[in-house]
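Presented sequentially are two complexes of chain A, the first with chain B as partner and the second with chain C.
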Partner chain A sequence: MMMPNAARTLAAVETASIRVAVAGNPNSGKSTLINSLAGTRLHVGNWPGVTVEKKEATLDHRGRSIALIDLPGTYSLSPYTEEEIIARDFLVHDRPDVIVDVVDATNLERNLYLTVQLLELGIPVVVALNIYDEAEKKGYKIDVRAMEIALGVKVVPTVATRKTGMGDLLEAVTGATAKGSRNVPRSLNYGEDIEAAVQKLTADVARRHPALAEKYPERWLALKLVEGDHHVLAEANLSDADSLAKDAVGHLKEAHGEDLESLMADARYSLAAGLTREVLKRPAVKTTELTEKIDRVVLNRFLGIPIFLAAMWLVFKLTFDMSKPFVDWLDGTINGPFTRWVETLMGFLHGPEWLVSLVTKGVIGGVGFVLVFVPVIFAMMFFITFLEGSGYMARAAFVMDRAMHSMGLHGKSFIPMLLGFGCNVPAIYATRTLENPRDKALTALLIPLMSCGARLPVYVLFTGAFFSAQAGMVLWSLYVMGIVLAVLVGVLFKRTLFRGESPVFIMELPPYRMPSGRSLAIHTWEKGKHFLVKAGTYILSVSVLVWFLLNLPWGVENKKDSFLGKAGSAIAPVFAPLGFGNWEASSSLIAGVIAKEIVVGTMGEIYVKEIEKKPEGPAPTFFEDLREIGTSFAASGKEAFSNVFSTFGIASLKAEEKEGRATLRSVIGKTFTPLSGYAFMVFVLLYMPCVVTAVAFRHEFGTWKWFGVAFVYQTVLAWSAAFVIYQGGKLLGFGG
Partner chain B sequence: MMNLAMLKPGEKGRIAKIGAIGPLRRRLMDMGVLVGEEITVEKIAPLGDPIEITVKNYNLSLRKKEAEGILLEATR
Partner chain C sequence: MGFVDIALIVLIVTGAIYLLYRSIWKKRGYCSGCSSSGKCR
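On to the complex of A and B.
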């Protein structure tokens, strides 16, 4: 009689999806393990309200659906870092069915310290003993069976980079939730004193705060009360002085002093150390490892910095030079053949002229604008992931920290700032390597002061018009001005907006490892896709908006009467004290908000009214177009390759002189003076970041707040700097 | 008393006391920097700060300012 019922319940349990939280130390290969398990099913988002990445995936194992949730990598579940709080809140409040604890087999003791804390939660745990191959190579002998007995949970050796042990791991996960599973984490014994306090607290909580006993795992709560964990105390509405904890831990404090938190950390490490001694046999003779050999060179007192700079030069070059031909190809294809096809098609359908212009210039132009960033974002993400995955990022931070720390930044801030010279957009995305929210925000705020490649055409135009004799000097002065101002603004922000202790620098230097191709591909693809979808929508809307500004009222002959021209005329007086208070310059600056190089294009349209139209031959046919796209793509690939290997300079920073620029240059020469021209360049260097950078800010921080700060300070800074230069220059007699 | 920042590369000591308090103290302890633990200074960064140490068989880097708060029994 009982059978059908029991079978039904069992079936119900077995069809429900298993929620698996994946926890582990940073550098334990957790990310690679998730990638190996999930592959392309991985979904990358953010934890609500914070900038910490959240990865999820759903997969099937023997007809059961398994939902993986990747927790941030943490060393502990203490209440001090964002990552740790996210991880523990999820574990305590969302109660996953199973925890997969990824443990680095080459670094057992420190990894088991987290395991000990995970076992306290009363949730079935499966230990993935990862990087098992490396441990074996080092001659480590790990008694997996003894480990299972000591912990009371299943332990599965894995090599995530080679997908070894993934099946066993999933098997253990489903096994852990099966009825009658023997996967019951053992309550590790913290020693007589602590255990007595825990027992008393458990009983007291059950009696006096039954609601709390419902809400939290009982042993975990008792341990947290012993520790005096302020996060839990606040959340549970228990003040420190609550008699509950006081009674129970009073004698502990007498015996061990006030600092029970340290006592608990000590107790947990003793457990981890004891476990390690029990299960691990290390070879007696320690061999010099590869990591040590590499570090002898890479972190060498004299070679460290030159090697770092060379590595950075290479990353910069690879990111921007390798993607540049593809950017040009995309740009050419979209603005050339593709636009032509749409024009033809719309002409065929008798679309009105304004609609054709809106679609080709506004919409396609906007889409093209988004697309051209994609190769750079892909390339940047690829190299950043490589640097992090290989272990060099930590070394870079180690080498550069002293210099960056003086600005209130972190050693890892250097790389995003450097990428800023190529393009601020990937640079903002690259701040994700900074774990601390304060470091990350401050770094992002300073990035726009790094003069990006898009500002270069403006400099080239103006230096060409006024300073052709000292062009190099003038260019150099602008880049240096950006850097010097970044240092000053950094110091200023450190004392104002980011007052207080700068975050500590306690960073693991993980062994060098070859990141798996799969991990690289997944991270690169995810970021690129994210950018396309999320940033794409914003940028497209702005592009359409600017089209309206430029072309409305429809049919304006004189650009001065367009909305953009009117807006330019309206704000022109603001720029008068800077030496360029005319509608032409201000309109160009407004349009430059899309991307700073557009300043030049807009000036061209405004100043050079009759842009000499080249006599065009018969339009190429559809098939000729297709062939052209194909051959030019192949040529791009070749160029990307040769850019990397043949040139020693940086190809992407060379601004080409386009045809028709000579006319513009001579007009500029007449409407600006050398002094106002220089002030204008400084203004372009410093004024608000472009729309795409704004979107990157919003995207990376989940709020407009930091972009708002950048917008305000840069506007003030740009105006003041240009004012000082123009007025100061006039006083010094450099002419108006 | 000796502190960690005073050691030269290659020298080691045993931790006697951790002067830091609050989050920093907990962070150090979570990373295995505990009283009684043996600690070796491996390298000093090219610009003089931070330093690289070995503790519990893995490599960690921290700034000298933090290292000054970690007091040692001199063992060399």
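On to the complex of A and C.
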């Protein structure tokens, strides 16, 4: 197998670079194929619709630069969805040198429907017969040579996840652009009637509109005119479209009725079906596959939602149990040795007192307290990546789709909402896959109710302080609350602001796959990295600004009298009925508007005095600190491992309290009660979207209007929900 | 508090505000799920 940067030979170089469009059905493995070819880390997932925009990667092969353009997955080149329009516009107007058509070998007939349309573009095509290993496992025998003859293009079996066939594919791509290449896509025959119309239209357009014949592939344009493709007709601006169509397709309409688009679709399906029959031999006896067996249970009408909820609970329990020891380790390291080192260094440099305070209490107190929770975020992203890669996320969307449809909601909307569990920002951008602008706006409005990773630090802090024995269950309850409220708010909006019918949503369910370790590692890192970037950018900025706001007017003794303290005190009465009417909580919520994890960072800065605890006796030396960090890290790893298998997997919280070290968690434990702590978590879950999400709203919709709606309804909802929980809990005797 | 302190404070606060503006508005809050080019669009 030849790898991308294989030895360069003296092969004839036609042009310095080749532009390759990678097209194919959703979930056929386009992004994985590009990642395998170019070593990039484009986001992939075992569910349809991961790529909603063009993405590009480049590599060198045989001295030529190859630019791979990852097009959104589409089933056809009709102009009905955003993905189809993006893919089609690129292919027609940008005219890549080669199209790599990624075909799912386990689902040949459906994939060939797109192949038929790609061949019409008159651009050299190379078919990557991907997921070939699974097709073989199913007992499929694909006659690759017969397929090449039938299509007139090179067909290369590939397994992108294992990088199999990548060298052959690159050879085929460079070969397709070489002089004298035999890669000439065959013009598939649509039958006598349609072909006659196409021929007439081709000749008429060439004669009457030569400029158009230059702009579009002539056969493709003729086929689109036969179909009456409104997008092409509008774009081409044909003054005599009616007479052209009348001349050429009049007899077709008479023979087949008005709907020529359906006629063409039928013809293409027939071609795809015929091709499949020619080249594919299926095993005589169809065995029940593992995917079908699992789906019988997972998608069961009655078991589907309980299984989804149980899977979520398991994810939260494992996340909490696995990450907790590392959270404690980081907490101890950042607030212990690391702070000591920085203080010593600042003392050595004779930095002014205020600067030492800014660095140790502002930056370490703010950014440090957020960084402490990075293990939780990485653990959560690992499990989300696993669910995406395994194919279960698509089932979750399917299961929820049924529930949402029964309440008049658009089922496809749940896909961007699921993305929102990682981060609300890309989820807002993912709404562009929805065709209907109203559904798009409605979905975007509901996305902030999906609990993103940024809220995890707040949950983990409060759950650790009050509910350590039921941590998984409490986290689960918050996520489920977000989903349930999203459904209820969705129903309310659908009946008020967004009246109208939801279009039918057909969702493809990919087969279950075990994600590879490499893929899990890469995508967990890509998702988790975001939080490290945030810590180094806006969490750092806000921590610095919060420190100044807590120390202005300059020299203020009591933080309550600072600018931030006064602002917090001013709005604190609003939160009094919710159980957290103190200035500390209010100030943290104000700062958390920038990003929700800043709530924790601000609390770290506010409570830094209470958390501080000077070691008794001489401070440990630098090397003693290093040894302690290493030893405690190893102990954390051991504890995390045993926690996964332990029913009572969160003993580390208690151990810390036994040591008597004052931590942010123990301070929170004294400031809040379990009931007010839970109400606070619910408020953080629901209150206005963070500023970054607000910016995403503005960029995606070109207006602040929808963010304004989200701001108002979420603030009202957050206050009401926290009020009901706190006051209701008190009435039920759960204490204040 | 001397002139150097005040100048340093102005510098730090300006830097923090600029970093905030750049990361949130100009970079559109780059995050997971966004393209590898570092922008969400």
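What we mean here is this: the second predicted complex is superposed on the first by the 394 of 736 C-alpha atoms of A that agree within 3 Å, B and C clash if a C-alpha of one lies under 4 Å from a C-alpha of the other, contacts with A are read in each partner's own complex, and residues count from 1 in each chain.
The criterion applied here is as follows: a residue touches a chain if its C-beta (ideal position, glycine included) is under 8 Å from a C-beta of that chain, and two chains touch if they have at least 3 such contacts.
Computed from a predicted model, the values in this text were never measured in an experiment.
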Name the contact category of A:V542: first (chain B only), second (chain C only), both, or neither.
second
With both complexes overlaid on chain A, does A:E343 touch chain B (first), chain C (second), both or neither?
neither
Quick one: classify A:L358 as touching chain B (first), chain C (second), both or neither.
second
Looking at the overlay, what does A:E109 touch: chain B (first), chain C (second), both, or neither?
first
Looking at the overlay, does A:I594 come into contact with chain B only (first), chain C only (second), both, or neither?
second
Touching partner for A:E526 - first (chain B), second (chain C), both, neither:
second
Let me test your reading of the model: by the given contact rule, A:I305 touches which partner, first (chain B), second (chain C), both or neither?
first
Based on the superposed arrangement, let me know which partner A:V399 touches: chain B (first), chain C (second), both, or neither?
first
Under the contact rule defined above, give the chain A residues that sit at the interface with chain B and also at the interface with chain C.
none
Residue ranges of chain A touching chain C (in the complex, touch as defined):
40-43, 53, 55, 57, 352, 354-355, 358, 381, 419, 422-423, 425-427, 429-430, 526-530, 533-534, 537-538, 540-542, 544-545, 548, 554, 594, 691-693, 695-696, 699
Help me check something: in the complex, which residues belonging to chain C touch chain A?
1, 5, 8-9, 12-13, 16-17, 19-20, 22-25, 28-36, 40-41
Show me the residue ranges of chain A that touch chain B in the complex, using the header's touch definition.
75-76, 78, 80-81, 107, 109-110, 113, 261-262, 265-266, 269, 295, 299-302, 304-305, 394, 398-403, 405, 411, 504-510
Going by the contact rule set out above, which residues of chain B touch chain A in the complex?
18, 23-32, 34-35, 43-50, 52, 56-63, 66
